[in-house]
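Look for chain A in each of the two complexes below; its partner is chain B in the first and chain C in the second.
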Partner chain A sequence: MATEYKLRMGDGKRIFMTKEQIIADLKEGMADAADLGEIPDLSEDEIDKLVEIVTMPSRMVGVEQGKEVPVTHDIGTIRIDGDQGNSGVGIPSSRLVGAMMHERAFGADTMELGHIDYSYKPVKPVIAQEMQTMEVCQANMVVPLLYGAMPNMGLYYTPDGPFPNPGDLMKAFKIQEAQESMQHAAEHLTRDTVWIMQRLMASGADGVNFDTIGAAGDGDMYASLHAIEALRKQYPDIYIEAGMAGELLLGLHGEMEYDGTVLAGLWPHQQAPLAAKAGANVFGPVVNTNTSKSSAWNLGRAVTFIKAAVKASPIPCHVNMGMGVGSIPMFETPTIDAVSRASKAMVEIAGVDGI
Partner chain B sequence: MGMPISHIMTSGMSGIRAAGDLVARMQLAKSMRIGDAKDYVAKKLDVTTDDLSDEYVMRELREELGIGVITSVAGAPKGIAAKMNIEKLLDLNINCCEKFRGQLK
Partner chain C sequence: MFKELSDAVVTCKKDVVTAAVEKAKGEGIPAPEIIEKGLAAGMNEVGVLFERGKLFLPHVMMAAGAMEEGVALLEADMPKDAVSKKLGVIVNGTVEGDVHDIGKSIVSTMLQSAGFEVHDIGRDVPLQDFVDKINETNANMVGMSALMTTTLPGQKEVIEMLKEQGLRDKVKVMVGGAPATQAWAEKIGADCYAENASEAVVKAKELLL
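Coming up: the complex of A and B.
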């Protein structure tokens, strides 16, 4: 009887696979990425290395000594005091305490301060509170401390915002009106993000994390890139991390461009140069996890996509590896065996600059 | 909570337990790729790039340089004071340190 190894499904459930099945799934996932992104396959040596990582008997694996990389964080301190909606563990504590716990108890390389609603727009009414908290955190922290939130352009449409909902307009075949609404929303999102970060920079922030760019489609990325460009122009030394929401930038508008490139339909290796052009220091590529496939399939696919993004990027790539992305299972408490294997593979095979 | 800690244990540079914050700062401040950032920090600290993730090397060195240590050492520079020493060490300007200096009379 062939030896079976313990793996996971994309939803985190335990499965058992033979080495031959693992290799087949790794190659199938790789081929899917190569086909969609029109990017190179992994080499046979890289597939062998992935098989070695996936089949290691230890519960937890680690990168080879000397290959460690910095880890950046989205959501930040909300993990500590937040509720389940933010994957928080509900420990009553200030955000300063949360940030210092990450720095001094967990060994975090960087940290992020974020608002409990975690989108830029709702920060506006409480900006003075955010400024005060940033000042207090900067006074006590040593690691780089960014301000982070989601661009979340959906908040600018009815019923949450001032502009007509493009989804409703498109259902009525009012395509041009829908595009105009997205353009208006993008302008407001850029303006709000820059305004918020101007105040946080005045409070000593190291910089900004744009977390989940593109969640509301190409307009979301258009707005974020213009905000990055404006912030870089005003603050030459600001730290800017640009992290994506998904692997493929959805073309809800369809015709928005940045630097002469149509944004709709871009894959990670095509997104990275635009983030760099706008003025970001670090790019966070994403590959979505398929819950119906094995961790081998997801890892083969994610490593293929991210390796191409790292190669194409002029700036460091900190791959997104939270729940449901980067081959991490789509599960609230991702298993350590799956997380550590994906983490090691991204560093040693995709060549990421950080996580 | 366990997921970020799993990443830190698997691949991370251990923050101020070692020199992860310094390497991350060079990536964020100067868009340095991982190899360049490690080389830059190692040269400034006069250690090898492998030493940057070695708590044994970095624990005493960080205390000597006054750039923040993981344990709470009474009297040692913390927060902005530690970051002002990091500015000199890495030849960088750090925004909160600039703001702090700007507030002194």
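Coming up: the complex of A and C.
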């Protein structure tokens, strides 16, 4: 009987696979990414290395010495205090305490301050509180402290915002009206993000994290890139991290362009150069985990996509690794066997600069 | 000819689709075959291209509009009971406590484009509203989205409510959203789980046709 190895499904379920099955799944996942992104396959050596990582007997694995990379945390300031509603652990603490715990106990190389709503728009009415908290955190911390939130352009549409909901307009075949609504929302999102960051920079912020760019489609990316461009122009030394929401930039508008490139339908390796062009320091590519496939399939796919993004990116790539992305299972508390294997593969094969 | 009809839908242009339909009629192809093997096949291809990032949401709607024009030209030649017949009636929404809207809206749009009668009841929908809308529209499928682990149980509760009110056997249940999985669908007794909008259309057709 062939030796079987412990793996996971994309939903976290424990499965057992033979080496031959693992290789087949790795190659199938790789082929899916190569087909969708029109990017190169991994080499046979890289597939061998992936097999080695997946089949390591240790429950938890790590990168080879000398290959360590920076680790950046989003929303970490409220992960301690937050409850399960936002992936927190429910330990009463201030955001300052949360940030300092990440800096001094958890080894975070950079940190971000985030608001409980974690979108830029809801920060506007509480900007004074955010400014004061940023100032207090900066006075107590050493690692670079960014301000982070989601662009979340959906908040600008009814019933949350002033503009007609493009989803409703599209269903009524009002395509031009839907596109106009997205254009207006994007302009407001850019304006709000810049306004918020002007105040947080005045309070000592080291930079900004655009977390989950594109969650509301190509308009969300359009607005974010223009905000990055404006912030880079006003603050030449600001540290800007541009992290994506998903692997494919959904074309809800379909015709929006940045620097002559249509944004809809871009894959990670096509997104990275635009983030760099706008003025970001770091790009955060994302590959979604398929819950119906094995971790081998997801890993082969994710590493193929991210390797191409790293190669195409003029700026460092800090890959998004967490629940449901980067081949990590869709599970509230992802298992360390899957997380550590995926992280090792991203560093040693895809060549990411950080996580 | 079927390939020509299908390709016409993929162009998303009404005049191209209507010209292809007129040509097919001229060749004596029965109307139901023009629709099923030509136009509907084209819409399936549009769905695939959307998922691959080659076509975008406005194109999906334009293709659906063009297909409707083509179908309208064939109504006189269709069997009486087939005229204006929808593939099924689907109530779709995001469960209570969850404000995520965009993914659910894309699913609604794709289902509508594929020929289903879709009642999108929005996001953060009180669970009883799903049941009420099913009764009101005589729906034969309900789609429930949840983007957070904390709101996922709402899908299970609606299924329980359907059972309590004697509707479960009449209504197929589809679940989706980032934290939903096939295992979750099986655990709560849903009929299917869809990974994305295109898969939602495929699964809906499998269950309702």
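As a convention for this text, the second predicted complex is superposed on the first by the 355 of 355 C-alpha atoms of A that agree within 3 Å, B and C clash if a C-alpha of one lies under 4 Å from a C-alpha of the other, contacts with A are read in each partner's own complex, and residues count from 1 in each chain.
Note that in this section a contact is a pair of C-beta atoms (placed from the backbone, for glycine too) under 8 Å apart; a residue touches a chain by one contact, two chains touch by 3 or more.
Nothing here was measured: the structure is a model prediction, and the numbers come from that model.
Peer 1: Look at where chain B and chain C land on chain A after superposing the complexes, then choose clash or fit.
Peer 2: With chain A aligned, chain B clears chain C, so fit.
Peer 1: Which partner chains sit in contact with A:13 here, chain B, chain C, both or neither? Use first/second/both/neither.
Peer 2: After superposing on A, A:13 lies in contact with chain C but is clear of chain B.
Peer 1: Going by the touch definition up top, name the partner, chain B or chain C, that contacts more of chain A.
Peer 2: B
Peer 1: Looking at the overlay, does A:186 come into contact with chain B only (first), chain C only (second), both, or neither?
Peer 2: Neither chain B nor chain C is touched by A:186.
Peer 1: I'd like to know which partner A:292 touches here: chain B for first, chain C for second, both or neither.
Peer 2: In the superposed model, A:292 contacts chain C only, not chain B.
Peer 1: Just to be sure I read the superposition right, which of the two partners does A:72 touch: chain B = first, chain C = second, or both, or neither?
Peer 2: In the superposition, A:72 touches chain B alone.
Peer 1: Would you sort A:138 into first (chain B), second (chain C), both or neither based on which partner it touches?
Peer 2: The first partner, chain B, only.
Peer 1: For A:63 in the superposed arrangement: first (chain B), second (chain C), both or neither?
Peer 2: It touches chain B, and chain C stays clear.
Peer 1: Across all Cα pairs of chain B and chain C, what is the smallest distance in the superposition, given in whole Å?
Peer 2: So the smallest C-alpha to C-alpha spacing between these two chains is 15 Å.
Peer 1: Can you list the residues of chain A that touch chain B in one structure and chain C in the other?
Peer 2: none
Peer 1: Within the complex, which stretch of chain A touches chain B?
Peer 2: Within the complex, chain A touches chain B at residues 60-63, 65-73, 79-80, 87, 89, 103-104, 106-110, 138-144, 146, 201-207, 237-239, 241, 276, 281-282, 314-316, 321-323, 328, 333-334, 336, 339-340, 343-344, 346-347, 352-355.
Peer 1: Under the touch definition given earlier, write down the residues of chain A that touch chain C in their complex.
Peer 2: 9-11, 13, 36, 84-85, 154, 157, 160, 165, 167-168, 170-171, 173, 175, 178-179, 215-218, 248-255, 264-267, 290-292, 324, 330, 332
Peer 1: Show which residues of chain B lie in contact with chain A when the two form their complex.
Peer 2: Counting only chain B, the residues touching chain A are 1-17, 20-21, 23-25, 27-34, 37, 49-50, 52-53, 67-68, 70, 72, 78-80, 82-83, 86, 93-96, 99-100.
Peer 1: If you look only at chain C, which of its residues touch chain A in the complex?
Peer 2: 50, 52-59, 61-62, 64-65, 99-102, 105-106, 108-109, 112, 118, 120, 148-150, 178-179, 181-184, 195
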